[in-house]
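By letter and in written order, the chains are A, B, C, D, E and F; residue numbering begins at 1 in each of them.
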Amino acid sequence: MKISIQINASPYQHQAADTAWHFIQAALEAGHEVYRVFFYHDGIFNACRDSRPPGDERDIVKRWSALQSEKGVDLVVCVSSAQRRGLLEKSVAKKVGGYIHAVADGFRIAGLGLLMESVIESDRHLTFGA
Amino acid sequence: MLYIVNKKGEVLKDCVERLTSHDVILLIEDAVLAAVKTSPSSVISTLASDISVYALRSDMKARGLDAQRCYERIQYVDYAGFVELVENNKPVRSCF
Amino acid sequence: MNLIGTLPLVLDVKTLFFIINKGLQGNVCGQEFLDIILMAAAFDQKVVVLFEGDGVNALLKNQQPECLNLKNMMPVLDTLPVYDINDVIVEKESMEVYGLTENELAIKAAVVSRSDIKKRLRSADHLFGF
Amino acid sequence: MLYIVNKKGEVLKDCVERLTSHDVILLIEDAVLAAVKTSPSSVISTLASDISVYALRSDMKARGLDAQRCYERIQYVDYAGFVELVENNKPVRSCF
Amino acid sequence: MNLIGTLPLVLDVKTLFFIINKGLQGNVCGQEFLDIILMAAAFDQKVVVLFEGDGVNALLKNQQPECLNLKNMMPVLDTLPVYDINDVIVEKESMEVYGLTENELAIKAAVVSRSDIKKRLRSADHLFGF
Amino acid sequence: MKISIQINASPYQHQAADTAWHFIQAALEAGHEVYRVFFYHDGIFNACRDSRPPGDERDIVKRWSALQSEKGVDLVVCVSSAQRRGLLEKSVAKKVGGYIHAVADGFRIAGLGLLMESVIESDRHLTFGA
């Protein structure tokens, strides 16, 4: 089964990002394909490269990066949600050669078209919100 | 049809009012508090018997709730069971 | 970085229900939700927009969010037919809760009972909320 | 004591259950929906007469609600009135 | 940048009520709220911690958020007396809602009726929630 | 009257930052003093320097900056909330000579001590949350 995931809430302030992550682990273990994780609304803050939780706590951003590097799950941050909220700034991106310095490893930036594609190609679409 | 609910107040109530025969509801995150029998806001007791009610075990455990305090009709799943519910039901509605 | 992504040439047509059960004023989530709806239409999907619960108030005439420097969503709702989104329904029971009659609605929408909505929901591929 | 409430569901209900004589409650943001007379979730009608109920006018206007649809007992304030309520009542509880 | 700020040498003593009416598990807000409580004690304020509504469940023994890689707040609650925070009260009516008895509470707390709590609240200078 | 303000929610996703801003304007007009605005939890995202809402919408971050430059209101971002969520990163701050490149003009970074001072020095403390 192909599963599409959408995350609407910021990490730490809400459990949504935790629940989604545990769900994805279980889905992959059961042999399903996670077609894409799309970060929307405040969900884009899951991609904050500079997030530094205290050392004795889970690091939500790093956990997402690992999901991409180890399991190849596609992580997409909505460009318009991110620009509104200050995760990305075009002039900065030009200077530093891309958005790669704002978002953590393993995330890519794209528009809502990639959410739609994910939804259309998948058997299920789950939204995790606040 | 599967409803995934993460809050116990109005969100759960709005959802419960729209459940019909053979629907499945899964309580996650703070919604697991609605599984407690004594809770007055728990609309679980009003549900028809042909509706399946599940609660996510790890969210219960995280909050120190055990099954003895909860409605007998509730079934418990871990994340693997959560995935199975998603596999076996369509469409899925996330209520948050 | 690729902002559009590589899309397959031919995509399936899925039935997508967009459920508005909260007001559209006061925060940006409703506004960003409408963006998803428009994107779904641009992808030629079968789009249904459903207003229920507190969301029926989003259809009230004479909303003036400008008084709080907030954006008015009514022009976007007015645009739905332009995007070929004509399947707009409102839950009858929720209208009764707020004492609303059909001629108080700002846009054209079919008033449908909860049980009939449920029958339609069961045939959907994916449900979206915010 | 002043209660400032911004949601109409459980948040408002929890607050209303704790109001006592001469308390003041101000509905802001989405809580102004509770001012509508027909709303079943509106616990406003259950309040004792010695409790003052206010609603923030700009939040009503933003949502297209007019006073005719609302409980007669509700008084309306603009932000200047909001400030006065804060000045005239102590302590203030923000319920969100 | 000044991380501490310039504080006056002598500060008033105010009566501050900290109201916990939500669970402390699942997100970081409860945890960050406890930080404010400890800071208030460090400033030698008169601190009262009140558990009511869903918040009474935060006092349950045997909470195991570690199963979701979440931080357990019980060690912090255990620490309250160390910070001279001894005025910890629980609303009687909320305990009844969840069928809790005093010996099920993980920390020492006075069970007080809603009406008596209200009398105490009225004497507070400031109320905090999260 | 001295008023202390605490903001717990991210901008745009919730109305809290809007409501607080309008309240503060009215309080200043009535001749009150706003002792400090303290940004806590996801409220720290109100200080995102790079936030770029569409041109036809209110710019919440800029509005805060203006409040500081025009009215002299003290805007303080909680350092631990900000580090957890990725608004600040120590190693970056060292390289660029301070946090000034992460937070918008007019905000300063500090610990919870400044919230406590604000509360103690003020006649009222209001929290605006999600």
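To be clear about the criterion, a contact is a pair of C-beta atoms (placed from the backbone, for glycine too) under 8 Å apart; a residue touches a chain by one contact, two chains touch by 3 or more.
Only a predicted model underlies this, so the values are computations on that prediction, with no experimental measurement involved.
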Copies subunit A and subunit F touch via same or different residues, half shared test: same
Pair sharing more residue contacts (C-beta pairs) when B-C is set against A-C: A-C
Angle, in degrees to the nearest 5, of the Cα rotation that carries subunit C onto subunit E: 180
Furthest chain, CA centroid comparison against subunit D: A
Whole-Å gap separating subunit E and subunit F, where each centre is the average of the chain's CA atoms: 25
Approximate Å spacing (C-alpha centroids) for the pair subunit C, subunit F: 33
Intercentroid distance (Cα basis), subunit F paired with subunit A, Å: 26
Residues of subunit D engaged with two or more neighbouring chains: 8, 29-30, 58, 90, 92, 94, 96
In subunit C, residues with contacts to at least two other chains: 26, 28-29, 68, 70, 126-127, 129
Shared interface positions of subunit A, touching two or more other chains: 8, 12-13, 15, 22, 41, 84, 124-125, 127, 129-130
Chains that touch, pairwise: A-B, A-C, A-E, A-F, B-C, B-D, B-E, C-D, C-F, D-E, D-F, E-F
Residues of subunit C touching subunit B in the complex: 17, 19, 21, 53, 114-115, 118, 121-122, 124-127, 129
Residues on subunit F engaged by subunit D in the complex (per definition of touch): 1, 3, 8, 15-16, 19, 22-23, 25-27, 29-30, 32, 123-130
Interfacial residue positions of subunit F with respect to subunit E in the complex: 8, 40-41, 76, 79-81, 84, 98-100, 108-117, 119-121, 124-125, 127, 129
Sites on subunit E touched by subunit F in the complex: 1-5, 7-8, 11-12, 14, 16, 28-29, 32, 35-36, 39-40, 42-43, 45, 126, 128-130
Parts of subunit D lying in touch with subunit E, wherever the complex brings them together: 1, 14, 17-18, 20, 90-96
